[in-house]
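Heads up, there are several structures right after this.
Below are two complexes that have chain A in common, paired first with chain B and then with chain C.
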Partner chain A sequence: MPDRDAIYQSTLVVVAEIADMSADEIQATDKLRDDLGLDSLQEMEIMSRLSEEYDIEPEMKDVMNVRTVADVADFLVTYLKD
Partner chain B sequence: MANAPDPFSTILAQAEKVGPALTRFARDAGEAEMVGIVLRSVSDWAAKRIDAPAIDESHRIPPELLAEAAELGLFGMTIPEAHGGFALSMTAACRVVEELALFDRSVATAIGLHCGLGLRGLIHHANPTLQAATLPAMATGDKIGAFAATEPGAGSHIAGMKTTGKVQEDGSIVLNGQKIYVTNGGFADYYTVVAKTPGLAGARRGWSLFLLHRDDPGLSVGAEEHKLGIRGSSTTTLSLDDVRVGMDRIIGEPSNGLEAFHEILAWGRTMMAAGCLGSARAAYKLTLGQVTSREQFNRPIGHFGQVREKMADMRATIYAMESLVRLVTVCQEHLGMDINFVSSVAKIFNSEGSWQVADDALQLHGGSGYVEETGVARILRDARITRIFEGANEVLRFNLAALALGGVNEAHEVALLAPCVRHPELAAAAAVHDDAAQRIQDAAKALLDRYGFKAFERQMLLKGIADAQIARTLLLAVVLRTDAELRAGEGVVAAQALRLTRYLAGKCQRAIDAGLAATLRAEEEDLVTAITACEYDQVD
Partner chain C sequence: MRALVVGGTGFLGLNLVEALQQGGHEVAITRRKSSNTIFARRLKVPLFTAELDDEEALTAAMQGRDVVFMMAGHYPRFSVDTAAQTAQALARLRTVLAAARRARVQRLVFTSSTATLGTPAEDRPVRESDGFCVPEAESTYFVIKVALEQEVLRAAQDLDTVVVCPGGCIGRYDYKVGTGFFILGVATQRLDRFVDGKVSMVDAADIAAGHIGAARHGARGQRYILGGTNLTVKSLLAEVAAHCGVAPPTWELSPAEALALAEAEEQRCLLDRRERPLMTREMVDIARFGRFVDASLARQTFGYTPRPLAQALQRSLAWYAENGYWNDPRFISASTTRSPLAALDAAAQEKGEVHARS
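Coming up: the complex of A and B.
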């Protein structure tokens, strides 16, 4: 299983690409909507790309609870550990 | 990603208040009396002074016409009395914009944009000093407002915006960027501009709304765009090249402007939906004259079944459009609700409704409809943009479906209309709504069960959910309104309202069935994906 840092880094890359920003502009505590200005479609795109990368199938209720960049990475860490 | 409260539950919980409010074109009886006088003045002035073909042909609204509109107080409709305006409610302001659109969509767009997107931020989010400095002149029409959000690389997606305001050592902010499709851009004095503001007010990042003035050094307005319709309205680019402003030019909270931005957009969508209603009424009015006067085989063409079908459909569509605009304003003014959902439904339905009504109008005019002189072609051209601006309907449909999918996990009981309806002849229409409520929830759950969160990628299937939600919302609005109309009295108007509602119930039933059937057509979506992938691969 990839370690937490690797998961966080790949999350950052995907979020940066969807938000059209450079990765060093983004912090773990950034809220996807309020800080990065993303909408629901862009949030889903992030989760879609990461779930393909890690070959996982999260449920909607898990995805709905994600608010920050760290939440995305934490969700992946927990999912992959379980 | 949490959802807002279910709008249907909120509305139906207060159905006793909503129904009667839907029967009015103003906030209350007192305002209705005043708005009635305003409407007569607007109508008399517009009939005498607005030369719609000339505006269309010259691609401009004569400045003296705008000055006359200002004399009538139209630019100050929504501005508080303390700043020289008339403080009309959202319901009443929409009714006036609708009336203007009946005569000319370019004029309605210019005034509606000023009163809507151009002023909403200033009135509801700006500091008192900025309000005092700007609103009195905007109320008299001496100064005109515009709103600049769209950029070459970003439509309504705020994350993609490049326009940036950078904080300077002296506390001022320097703005750089490019905005496109700025309505009123050519003659506006004040522009509400959205920009990224990294580092502003201690926030690492954020978005802020700025009020810029046409004379601000570094601000330049581009040439007029040549458009298919609403040709008299001004549409330009706006370039910001080191435009320096103080913090006092920020509307709302620095770096925390997203909420205000979305609230302003919802208001703008509602005004636009009201303009669509006026446009549809204009097409219908022309067509009513046509089908009752033009004869074939010694009888008016309006007596033929297929013509009657189109006329009834146009009239019912107009009733639905009117009910939806009122539903939005009632939700905001009487229930204090977030209007994102209902304003999106009204924008989608009314833009498509105005297009359909204009198209049917042209058809019923025969060859003469295709000739510019009858005015129907101009209405059709004017109507086309409304499916695109203020959020393309495809994007808004996705958002509606996303809300429905998000609501599945909240496991709330579906809100029922039938218990709120008293008139027995509306029971069947209410039952269509209530049946749809459960079926839409079931269809959304089925999509989630089948695709997980990747249901969001099945946009063709999701469109069906959105279509069903639109039809359900429409039924909610018309049934509550008609029930209240019937309670108030059983005259000719109420009897016709009942017929229109029964007709719309049948139409909505078919739209709901079609929408929910579309959620099952995964194979067709896969086929569409394969077809387009093959085509795209062949592009050099």
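Coming up: the complex of A and C.
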């Protein structure tokens, strides 16, 4: 299983691409909507892209609970551990 | 059949994939790079990456397919710059049609909408033979739908095309919450106002069955209405509210008030995409221009039989609850008697009244 740092880095890459920002500008505590200006469909796109990358099939209700960049990485770490 | 669903990662597409798989058909789908594939991958369906302007990728995905279901399209979220949006939508459709010709697919089934239907001279539900509506230039969704359907029907001269026109779709996999906002908005009590009009509500699984019927038994160059329960928006909202045990919205807007609100809301949300408009031009137009529809031709041609509204509402509400869109444990499992709708349906069936509320 990839370590948390690797997962966080790949999360940053995807979030930066979809938010159309540089990864340097993004903090772990940034809220996807309030701080990065993403909408619900873009949030789903992030989770879809990462779940494809890590070959997992998350539940939609879990996807909808993600709020921050760190939440995304934590979700993947937890899911992959399980 | 060997089928390809263009737009198979969307609401109707996922329902069609599920129906094709259950019918023993071989199915693959196309997806855009940005598509949400969470549900499609769970259905274990092969995915081809093909943007709608990539004729090579589309042709490759269509090779060896008997039927292509064209369910994707350029449908902008808001009614802004209709002419440019329509030109873009037409260009992408023409690319898909060109790919279908190159791949020599036997049939292309295009998903249109009852929004394209014309108005009958006399007071009766609309039929396929009533022609096309003439949408206002500002009604981007309607303008695009009419333009695309007419293009597909023209293409029937040298490509076997069939058109299906679904009504207001609700049901499983509505992860973007389209027409289903009429349902979810009442259930969560976030919909506090409405504009009245006529709608025909149908479960997406029945729409999927209608697509398969049209592919197998439809006539080339023909359109088929896939309607459901004809009722007013006000009656629909009251029915949903009764099922959920909440009060229905009572703030009824006139069409002019609703249009003004929708235009202001779309402008506000264009500036801040995180926001969801209280009302969209599309929602207003659906109610303003909605008609009761007659699905007799689909029923006679391929046995199209939409389920009663109560069942469609139950499935829709259960899916939203199971997927975290609202939190009401009564609706988590559609098959248990904990669900008030399941209990209502069971009681109605016992009394032989299963269709009474639809």
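Methods note: the second predicted complex is superposed on the first by the 82 of 82 C-alpha atoms of A that agree within 3 Å, B and C clash if a C-alpha of one lies under 4 Å from a C-alpha of the other, contacts with A are read in each partner's own complex, and residues count from 1 in each chain.
One rule holds for everything that comes next: contacts are C-beta pairs under 8 Å (C-beta built on N, C-alpha and C of every residue); 3 or more make two chains touch, one makes a residue touch a chain.
Predicted model only: the values in this text are computed from it and were never measured.
With the C-alpha superposition on chain A as described, chain C and chain B clash in the combined arrangement. When the two complexes are overlaid on their common chain A, residue A:Glu25 makes contact with chain B while staying clear of chain C. Once the two complexes are laid over each other on the shared chain, residue contacts for A:Met47 go to chain B and to chain C alike.
One of chain B and chain C touches more residues of chain A, and that partner is B. In the superposition on chain A, A:Asp3 makes contact with neither chain B nor chain C.
Once the two complexes are laid over each other on the shared chain, residue contacts for A:Leu38 go to chain B and to chain C alike. When both complexes are overlaid on chain A, the residue A:Val66 reaches chain B alone and has no touch with chain C. Of the stretches 78-86, 150-158 or 348-356 listed for chain C, only 78-86 runs into chain B once the two complexes are overlaid on chain A.
Comparing the two interfaces of chain A, the one with chain B and the one with chain C have residues 33-34, 37-41, 44, 47-48, 51, 57-65 in common.
By the touch rule above, chain A contacts chain C in their complex via residues 33-34, 37-41, 44-45, 47-48, 51-52, 57-65.
Residues 18-21, 25, 27, 30, 32-44, 47-48, 51, 57-67 of chain A are the ones that touch chain B when the two sit in their complex. Interface of chain C with chain A (complex): residues 34-39, 41-42, 175-176, 272-274, 276, 322-325. Chain B makes touch with chain A in their complex at residues 1-3, 157-161, 204-207, 258, 398-399, 402, 405-406, 408-409, 448, 452-457.
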